[in-house]
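Paired with chain B in one complex and with chain C in the other, chain A is shared by the two complexes that follow.
And then the complex of A and B:
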């Protein structure tokens, strides 16, 4: 089991899992069912937590374990549970109605991934020939792609709840970029971000509920009109 | 020369024998997961054996294409099987361009299957053929892109060569592009073998059937050949997925010990992939026909991204 100590093996596994996160993200863009997209988000967060765990193991950075554990509990467990409960409570149509149809959205997501790769390339310095530099930049590309696709998902969806999902996957991209580039931010910052996201989702959850009460719909485009 | 013949013969026997078994295993696993008893594992063999003993009916309107199709489908599937490394890294056959020949031989089989469906002159056959062609028009390029990604990493389109490179690099062969290519090829596998989100192998419902519609007019030995050919094609595609992306345990020579070990590893990997397919089949509902191109589009994008990401690094 010598390869378990080999940092190159760790980097390979991390890049591989990052690629899997990307696969899930593109699958989420093509997904039609609200509950399935929530579950895809949960799976994605679980993978992110594993990536954080692996980075902590190979770099002997014990504080990242806490970030990994928090990701696992909050993003892979609590948030999906809250969102699914919300879906059940407000009894909306379970199908997502994107502005742009699915095949074109997937194509755009593919294009955004390319943009991610091209942007990440400018961070890449071939003169530093260490393997870590090359592989870290691969993960960075995936992180930027996640971020961009998350943005696109937010623009592409009409309903407030599905936009929340876009925001969450965007945040996943940020988390991946942070842990793959710096091998962990200070714990205070991580805790701050987690708390932020949790509060954001709760507030948005209440907001979604309120919007539906007031307008009989979650379509945010209706918020443009004033009501007397 | 005799060595080559022996290798080819051995692999052919393996192909012909394992293919119906695999279909049987998938059917049984699926039934158990849905808490049904399901057919016996060896039922596929019995079906094929029984069909060979039956008479055959040929439609009046049919031309020679109708009779030639079962043979062509069967032979192309078996030929492709000989070009793919199964238990060793060394496949017995390697024709013009390796992977390219594999893709086009499969396309040839499908072309004749579609013609055979049309030739019988029933409206269902034409319907099945047109659906099959719609799906394969996107599935085929996706498959090509995915396989080219692996071929690029090994810098050869020869499947034996690809397997050797993959085995010699062990875990270093794992790369993000391989992950994307695997996702693409897995969707293509589901589409090409007519599994649930795309086609249902267990019904003859006119609204949904694709593969069954094309072979609706066949009976007796012809049907046996087509069924056997389809199960060989399924085995071959699954082998392709398993051995290009997870080449662990492929033996590098044709010795008895290497073959035995390779066979054990091979069967284990195939069983795991079969479990994955059964899981996908049981947890998904069949897609509406117009939604199928969307699914294949996802696979195409995965393939394209896989190929492009190998160039960017």
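And then the complex of A and C:
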């Protein structure tokens, strides 16, 4: 079991998982069933929690364990459960046609990944040959890509709920950036952010529900009374 | 619950004043192992937030009693907005949360906690925006929550990157790694490329919250849908908090990268916001949306002043922040009185001549308009003049001329609209019912504005100066 002590092994596993996270994100871009989108988000959060756990294990950074556990409970468990309940209550299963069709969206997501790598390049210091620098490079690129693709999803989708999912995957990108760059923010901050994400989803959930009641639809493009 | 709110905010204002005095006497205060930290800048923002909260809570009593009498909540009830009693309880429960987050923004030492608190103000105020439960309020709340959420996630990314760039210099994994008191001393050693990206993200993020163009689109909707006291707190309280966050990062970035980088960005966004506000104020049909555009204009002015930089620019910005926070609520209160009387917020339906049916509100509305557009002798003239001097002495000749042009355009547009609304022949409306809560908040604020136009209390001015010193010298 010596490989379990080898940081290089941990690095490889993390890179592999980060790649999976990215694949899931791109799959979410092409996905039109709401429940599947939520489950993809849950799987992605689960992977993120594992990445955090592995980083904590190989670097003996105990406070990241707490962040990992919180991610597991909140983002991979509680939030998807809440969102699925919401989907059941409002009885809408499918996304209407997004502004840009699925193949093109996936292509754009690929392009955004490239952008992520280019931006991450500027943080890469080749003189630092440590594992940490190399680790930061790949996962940071994925994190920026997640951020950008989440942004794109929010622009592209018109259902209120998919916009919330876009915002959540954007937050996932931030989480990945935080743990890969600096091994997590200080714990108090981490806790605050989790609390905020939870409350934000509840607020948005209430809003989605009320929009659905008032407009009989979750299509945010119907929200256009307030114009100049 | 009215009484509890009033008492709490009155105590809060006293505490804020005490904090201000203590900071003036003995320098920065820090408690709980430096979890909370207050220097002159934080003390100023706390004081302003507490003042706005108290003024709004006095007005709120009159405002909501009027709503209750006129069955506004019952209308909302039909739309699924909840019962009338619950509505009031909702307001009086949310406001303290909202104000608490605003105070936490200014007192948090940790830049991550500062982010959490700013996000907290958004979450508490989303419910204030959708308070009336109309379809339009839902739309406004949705826009506010989503645009605010995206903006703040950018700010969080910026905060993470700041932590990263400091992390390399400081090498700490502990909470202190994001503490303002630690960061500011070492800012010159931060990683420059990272800090540059971080500042851009922070500017976009907290800029969204402050409502500078082009991230301002949520503002007119949110301000016109929220109940007046909530809207006034958004306009005069949250604006300061967002700018406070921006200023903190501005200090870090100018210590790390030199002031030029941040300045140019700030000037660009500041002028853009003013420029965007001009046409919308000139052709505005709805007076509450006009107030929102005025607020976009004012956040633009403050950002621009910070961009001009130098001791004068920073002093101008902080003066402007102070004067804006005392003037804006009065404008909202008058607009609220007019709206409750006429049951509309459109100029077209108002028909003018309000001064005959509601003399006090009409006069105060005109006065507040003159004050907020920076006409002498009111105090915003002083701050705008300081900013202008900063522009000229910084060598930004063309930009300073643009600044005056925008100010004049906004002044004339604003004044024409409000004068048409308030003055003119008597349309024969019945005299408005007066309520002593509304009256006292309007008269009280008007008095404060007039007095501040001629005389700024010395301790307040010293606090503002102290805050300006912190920004310029980065201590």
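Just so we're on the same page, the second predicted complex is superposed on the first by the 221 of 228 C-alpha atoms of A that agree within 3 Å, B and C clash if a C-alpha of one lies under 4 Å from a C-alpha of the other, contacts with A are read in each partner's own complex, and residues count from 1 in each chain.
Rule of thumb we're sticking to: contacts are C-beta pairs under 8 Å (C-beta built on N, C-alpha and C of every residue); 3 or more make two chains touch, one makes a residue touch a chain.
Everything quoted here is computed from the prediction, not taken from an experiment.
Novice: After the alignment on chain A, I want to confirm one thing: do chain B and chain C clash, or do they fit together?
Specialist: They fit side by side.
Novice: Looking only at contacts as defined up top, I'd like to know whether chain B or chain C touches more of chain A.
Specialist: Partner touching more chain A residues in the overlay: C.
Novice: Given the touch rule stated above, what does A:5 touch, chain B (first), chain C (second), both, or neither?
Specialist: neither
Novice: Using the superposed model, determine the angle chain B, chain A, chain C defined by their C-alpha centres, to the nearest 10 degrees.
Specialist: Result: 160 degrees at the vertex chain A.
Novice: Give one of first, second, both or neither to describe whether A:163 is in contact with chain B, with chain C, with both, or with none.
Specialist: Only chain C is touched by A:163; chain B is not.
Novice: Tell me which partner A:192 touches in the superposition: chain B (first), chain C (second), both or neither.
Specialist: Touch status of A:192: second partner only.
Novice: Rounded to the nearest Å, state the minimum C-alpha distance from chain B to chain C in the superposed three-chain model.
Specialist: In this superposition, no C-alpha atom of chain B lies closer than 20 Å to one of chain C.
Novice: Taking the two structures together, which residues of chain A meet both chain B and chain C?
Specialist: Looking at chain A, the two contact sets are disjoint.
Novice: For chain A, which residues count as touching chain C in their complex?
Specialist: 61, 119, 122-123, 147, 151, 154, 160, 163, 167, 170-171, 174, 177-178, 181-183, 185-189, 192-193, 195-196, 199-200, 203-204, 207, 210-211, 213-215, 220, 223-226, 228
Novice: What residues on chain A touch chain B, complex-wise?
Specialist: Counting only chain A, the residues touching chain B are 3, 8-9, 12-13, 15-16, 18-20, 22-23, 26-27, 30, 102-103, 106-107, 109-110, 113-114, 117-118, 121, 134, 138, 141-142.
Novice: Provide the residue numbers of chain B that touch chain A in the complex, in ascending order.
Specialist: Its residues touching chain A are 171-172, 174-180, 183, 293-295, 297-298, 301-302, 304-305, 308-309, 312-313.
Novice: Inside the complex, what are the residues of chain C that reach chain A?
Specialist: The contact residues of chain C facing chain A are 79-80, 110, 112-113, 115-116, 119-120, 123, 126-127, 130, 133, 135-136, 138-143, 145-146, 149-150, 153, 156-157, 160-161, 163-164, 167, 173-178, 193-194, 197, 220-221, 224-225, 280, 289.
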